Amino acid sequence: MNSPSLIQTQVLIIGGGVTGTALARDFALRGVACILVEKDDINAGASGRNHGLLHSGARYVAGDRAAAMECRAEGDILKRMAAQTIQDTGGYFVAVEGDDERYVADFPSLCARAGISARAVDIAAARALEPALSQRTIAVFEVPDASIDPFRLSLESMAQARSLGARLLRRSRVIGFEREGSRIRAVRVLSQAGGEELRIEAAQVVNAAGAWAREVCLLAGAPIGMTYSKGTLLVTHERLAGRVVNRLRPPSNADIMMPGGTVSIVGTTSTRVDALDDIRPTTAEADLIVAEAARMLPALATMRYIRAYAGVRPLVGTADAADGRAVSRGFALFDHEDQGLDNLATITGGKLTTCRLMAERAADLVCRRLGVIRPCLTAATPLPVAAECAWTEPGRSPRVWMRSHGLEDPLLCECEMVSGSAVDAIYAALRSAGDTPTLTDIGLRSRVGKGACQGAFCAVRTAAHFYSRGDFQASRGIDEIVDFIGERWRGQRAVLWGEQLAQAELMEALHCGLFGEELRGEELRGEELRDAGVPDAPPAAPAGEVSP
Amino acid sequence: MTGARRDSFDVAVIGAGMAGMAAALFAAERGLSCIQIGNGGSLLFASGLLDLLGVHPVAERRLWQSPYAALAALAREQPLHPLARVDAHSIRAAFESFVTALAAAGLAYAPLGERNRKLLTSIGTIKTTFGVPLSMVAGTGVLDARPPCLLVDFRGLREFSAAQIAATLGRSWPGLRHQRIEFPGCEGAPELYAAHLARALETRETRARTVALVQPLLGDAQAVGFPAVLGLARAREVHAAFEAGLGVPVFEIPTMPTSVPGLRLLSALEAMLSARGVRRRHQASVRALAFDAHAGTATLELEGISGGAGGERVFARAVVLATGRFTGRGLTADRGGVRESILGLPVHQPGSREAWHQRDFLDPSGHAINRAGLEIDDAWRPLGASGKPAWPRLYAVGSILAHQDWMRSKCGSGLAIATAWAAMDQVALALGGTGAG
Amino acid sequence: MSPMIFQTALYASLVLCALGLAWRVSAWFRVRVGPDARAVTLSRRVAAVFQGIAATLASRRVFQIPGAFVLDVLLQRRLFANEKLRWFGHLLVVVGFTLLLLMHALWASVTVKLFQGYQPTLDPYLFLRNLFGTMILVGVALLLYGRWRRRTGLPQARRRIDAAFVALLAFVLVTGFLLEAHKIASPRAFYRMAEQFIGTTDAEKLMPLRALWASEFGVAFADLKTPIAPHLVQQGRELHRDACAFCHTPPASAFVSYPVAQILAPVSGLLDQVRADIWLLYLHVFACFLGLASLPFTLFFHVVTAPISLLVNAAAPQRELPGQTFPTPTLSSAVRASRRALALDACVRCGICDMRCSVAPLARYLGNPGLLPAHMLQATAALADGSLLRPGREAGALRAAEGAFLCTDCGRCTSRCPVGLDLADLWEAARGDLAAAGLPAPAQWVQARAALAWAESLEAGPGQYIFSAADAWSAPLSADRRTFSRCVQCQTCTNVCPVVAHSIDSEHGVDLTPQKVMNLLRLGLGDLTLGSRMVWDCASCYQCQEHCPEGIRVADIMLELRALAVHRLGAVRSLGERS
Amino acid sequence: MKYALFLGCKIPSRLPAYAASTRAVLGHLGVTLVDLEFDCCGYPARDVSRDAFVFAAARNLALAERAGLDLLTPCTCCFGTLRHALRFLGEDAQLRARVTQALAAEGLAWSGTSAVEHLLPLLARKVGVDALAAAVRAPRTGLRVAAQYGCHALRPSNVARFDNPLAPTIFESLIRATGATPVDWPRRLDCCGDPLHQANAPLSGRMTRAKIADALESGAETICTACPHCHLRFDAVQAGSPEPSIRTLLYTQLLGLALGLPSKSLGL
């Protein structure tokens, strides 16, 4: 194969999650040229598989006050600088009968010490505002929690970075480092799309691969200590509460329900995992969450769930605790100088709320190394709104569509009411960046497939839409439908009971019963059916199967 | 002045999917008085195609040209499969009887014959099926011969793109063209709905205007395919008018729900049952089902029925469960497991929910939960906890039965029609009526 | 009393009355009720009316008028058909009043000419005057009783001036009786007559006559010692025969005044000193003049309007308003315009229509009298004179509008109206005016804004995703997630919806479909549905609900959402908004 | 058979022929009709207040109960409304309590003992199609009639309990009984458009005209109705319209003619 093409830049960022994109923006604002390589897509990892909580910090006041105060400070910054990605819903901390009364008693003072406002709320008043709260509620405190849309945050950060010259290489996996003494001369990247290989020469390399940071470090020959904690969340069919509802007790399973726009998100679990491949929610985790969360919000016991998802928290340092909760949720920045590398930095750990700060710290280090003196601007520069990035906000599409009603703008996704024009806008934006957008890309950047039907209908409509616009050719559509639904399936599988099981059955009746997608290999060859004719001739029994 | 109403019947059929409809039809044909409870909703999801058996074994994705050969193989290899319990003769009789009744109700099917047919689907895959409505049958020949052919779609009918089918099959079918037209009278409408188009086409004027739009696009096409929207109650006339107007064979391509062929099937079946005096209770469900050993009658408490105090009570000498699976709500699944919805009959099912579904949606071997269902004895009677029939004259038919995966085997209609036929033979015998002729 | 004052007062009140009448009658051509009326000019209305009259006189229908006059106007058969008791009460008042007017008020110009030697103090006049007065009092009492008996929870239509008029009528009668009673008992009156006809006021000389008048004519002489010697009475009788009999019969036949006189006896001397005879007379007469002058503006005016309305019915070509006791006429829009204006004046607020109104139970349950015809008529009048839309009266206007658009046009009010008003026509006109004034039916005012605009004006906060208790009360199905959590997005409801089917070209398109409405509820965005065309265009044909494979009560929810919208959008609605 | 006749608002004021023909026909068939002081069925209030609508309906039902009679209505819309009220009263205890209280204030009570019956099922099931056919003196042989069922008679079927909502046969069988020929027309179960004639007149018009066109295209000479709303709707739309029109006939009139009753008594 011919020698890989070469790209040169100042800084190479590895990983397109909230930290990586925040880094790209940070560098771009400082005028530092950078390239971001992402093995999959924006927020494909933990950044896109969390509950989207903008922590007030109250969750950590007991265990980790530093983290708590960090959250409070960063939360305030994001509320000012990235307002469009945040719904300031406010949050409740709720204790129910049987919860640790001492913890409840200490909570207000602990919050006060961390500088977090926690107002005691009359239980009846709280239940009037949030009827879903249990009758067995014994204490309610109001805290400045909010919900944040991590996809929009990353997409818009990247959009601004790009507008300032940064480059994004999606579906490009780092496969090796070329070391030269204490320096990394180049990073070898394999683009999954074309299968072509790239050499990227950068003065500095930042590893922001989140959970995959350890693998990247190993490739670079500078191992770090990390553990993985898998967290699973469930998505309800309807939104159950207006505010964030936290369980007022030490961090544990199923202690939060987030308002996810038009749905509620219930979680989370925390289990140690050692491998990162094939992380998916299990039925056991779903059961655990439903049983536990229903004590705080009884309706969750009978609620219809439309999907589950699981992400991996990168935890820095090695803990023995089985669930990894004991390990700090603070972040870690490695300069790798003790490992004899002076142009690699690794930033990992931490949490969504502190992603900007993580980027700032890492960028400061890199800039110091580059001799760039310009300060970080992200704490004072509002994140510009990018129209094509706004479609991940739940409940927005219907409004926009209703405004454009009467124009020829059909809905492609009925559940979340995403219109053709929205899909076209996303498609155009990706196209202009030289991408070939897939249904899955559209799904990540919009609400398509996020609703009750989980892609059963909208995947078909969207594919038909793209064919009719001439965007799809050949038999690609079927593969895309299959990929899209397959990806959705990962999340559905764990919550398939009751109504959602009926929904899934309908999906299979359509995609297998009618379309026969599972047979497409056989069918698309369009060759003769296999059994040769004579109706009653016994067909050759397949090996290993003996008729009784 | 009304209290709780009281009615007695030979047979009560619970469920109004394909199986329930077939059961009610066959009951009526056997001279049994029949009441049928439940709305025909799930028929709206039907494609109008009558599968018999297309794939076996599922895991091998093996397609069959002769459903009867496939059935023979199935009988040998999976004796517990409900279709393995019905002999080929009965299946032929059941299908004949079913499509004859449909034809009488205005929904004509192509002669059944002995072979499966291949059809285009709206996303460009090829579907193997058995019973094909006349309005679609031209498509099978076209698919085999692949002559120059035109596919037409309507802007605004979101789930159907002729371009998609043409592009998907283009490589192996060079003569396949596609054209998009505006549906007459709906110009500029952002969204169109299949059923509305179907009904609009029942007026001569709209029909003529549509044909006039397609006529100039014909070119060398030897057949024209449309989404399945060519008429509802007047489907036969609409299809005939299109063929006459265009001068070439015209065929419909099945679409995803809500499908017009499904609506046709529903109204044809309802008309068929009405004509045969089958009493129907739509939008109603059975709250309770009790059996009186001595009187030998079952008592059905209906809910959802209003008017007069006390709802409604129905008495029947035999009861047929045709309540379907999860979509039809014959089976109820909660986190703990699956149970039969009305009587809580034991359900054959995988051990834990983790085992219900494969990790990949399209896993060739299919999902274990789809083989869950009711176990029955040789007389189609579901077994109770004791392993004996739950009640001497309680029968179960259709997709609620265990040991089958109709979605993967492509045997949905076959399962419904064949099991209904066989079970109704048993009902007739038990009630001392006439067996199947 | 001095004739001068009397004359001037009389003519003044006559002039006032005439002016008032002119003003009120002109209103029949000026006042505009109904959109079609606005298109007709005043002159055309006048012309049309006269043409109508001419046409009637020329036609055979003219012969129906006398019969109608007797049956409808004089005998009040419509009232008779409705309620016998009130018919009788009304009859008493009419007859009593008319006769009293002719025989008593206009005695100089009527009675004297008809009956030789008429004297108010002679029988039978003495008796009749009391009889007629009593008839009126009893009649009024019966009418008031009837009104009291018909009371419901809701206020009855009334005007203050009506009450004032009734009070005035009563006052005239009471003062009349008092005056008569006083004159009977008054010694001063006796001496005045003695001087006039016998030529002496000497008490001794007149002793026999006084004895007689004291014992048989009820005069209350303070100085006459009782018991009175019979021989004196005997002498008095002769004196009486010569001097008084020709104009005085014993007043005992004045069966009201005479007892009153006996009651007044002890104080009659005192009353004489204060000249009660004079001021009672003034009160009595001027009360009558006041009644005369105010006639065009009081309930009394119906003696003009009711006959006209009834005769129009008789004269005009008939429209058979079926199932109805009496037909109503079909008229040109010009004439109808005038007739509506007339109707506003002719209504006597008897409340019979309210009693018969089909939606009266709804009015009671909703606590909104605006649904009832008599109130609707007053609202219509208020709308015509602009007072309904005055700032600060929004609540009233809204109640009136709600009422007008809940009317089912059952026509019972029209068929029962004792003055024969074509109310069905009036309501149609009123609804037109309400709509034009920005108070149309809900379906219209909701469409004044797009669904999205409504949703934004509802100012949904973070709690937007949860139905409030109040919402759940008026829309329980919509508030319960179990109602639609079964939805599998299959689009069946939309596919069977005739509204969507018939709205499928872009300019007539509905904004949502049934499935989208259900889905927005599922998404917790119910506010987006409240003002939607789909919800308000729903034909409630129940195809969706019948076909839903999941048994979701789509149509029931649609109708719920309308009720919810009326109450939630109504709260943020700005008046004068029109589609 | 004895029923309290519930005419509703439209029939007396706008379609007296329906009242007349109903009385004539049922009288002839020996069904006794009693007139009570009924008021509006409650339908118009459904857009404003669920409670008020149920109350108005329940009040009428209570009046029938007091008279110890089942309630018969020839108006499909009233039929649907009254049946819906029964459903809501049956399923919502709090609503029932509120309504009961309001009724008590007027000295009335609802216990659900009076049934609500529509004219057509009464004729088809209680009187009996065969009995009708036997009573026919002047069969309307050859007359091709399109049966207009009317939405609120059929749907929702679990509330109306009228006939199979997707494939009803009752009206056709009644038409056959008169000797006439029922035609099969695709839009026979569609809405006539009347409920929208105020809210959205153009839409309402399109719906009505679609039905008329369909009836004509299906070879019908007459649309036969059993609801004042449908009936008046067809007439209103056809009045002064240039488009081809079709005759409308109330079923009671069709039957009356077949029974040989004088047309005057049928309001013809």
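Letters A, B, C and D mark the chains in the order given here, with residues in each chain numbered from 1 onward.
Rule of thumb we're sticking to: a residue touches a chain if its C-beta (ideal position, glycine included) is under 8 Å from a C-beta of that chain, and two chains touch if they have at least 3 such contacts.
Every value quoted in this text rests on a predicted model; they were computed, and no experiment measured them.
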Selected pair, greater C-beta contact count between C-D and A-B: A-B
Mean-CA-position distance for chain D and chain A (Å): 58
Computed distance of Cα centres, chain B from chain A, in Å: 40
Mean-CA-position distance for chain D and chain C (Å): 37
Between chain B and chain C, centroid-to-centroid distance (C-alpha), Å: 67
Chain C, residues touching no fewer than two other chains: 488, 490-491, 506-507, 509, 545-546
Multi-chain contact residues (two or more partners), chain A: 406, 408, 411, 457, 502, 506
Residues of chain B whose C-beta touches two or more other chains: 45, 188, 190-191, 199, 257, 282-283, 304, 327
Full enumeration of touching chain pairs: A-B, A-C, B-C, B-D, C-D
Chain D contact footprint on chain C (complex, rising order): 153, 321-324, 357-362, 364-366, 402, 406, 408-412, 424, 441-444, 474-476, 498-499, 502-503, 508, 533, 536-537, 539-543, 545-546, 553, 555, 559-560, 562-563, 566-567
For the chain A and chain C complex, residues of the former touching the latter: 87, 89-90, 129-132, 237-239, 241-243, 259, 262, 304, 395, 398-399, 402-403, 405-406, 408, 411, 414-417, 451-453, 456-457, 499, 502-503, 506
Footprint of chain B on chain D - complex, ascending: 68, 70, 83, 86-87, 90-91, 112-116, 156-161, 164-169, 184, 186-187, 210, 213-214, 217
Complex interface listing, chain A residues touching chain B: 280, 282-284, 286-287, 290, 406-412, 457, 460-461, 463-465, 467-468, 470, 472-475, 477-478, 481-482, 485-486, 489-490, 493, 496-498, 501-502, 504-506, 508-524, 526, 528-531, 533-539, 541-542, 545, 547-548
Interface residues, chain B side, partner chain C - complex: 39, 41-42, 44-45, 185-196, 199-200, 257-258, 263, 282-283, 285, 304, 327
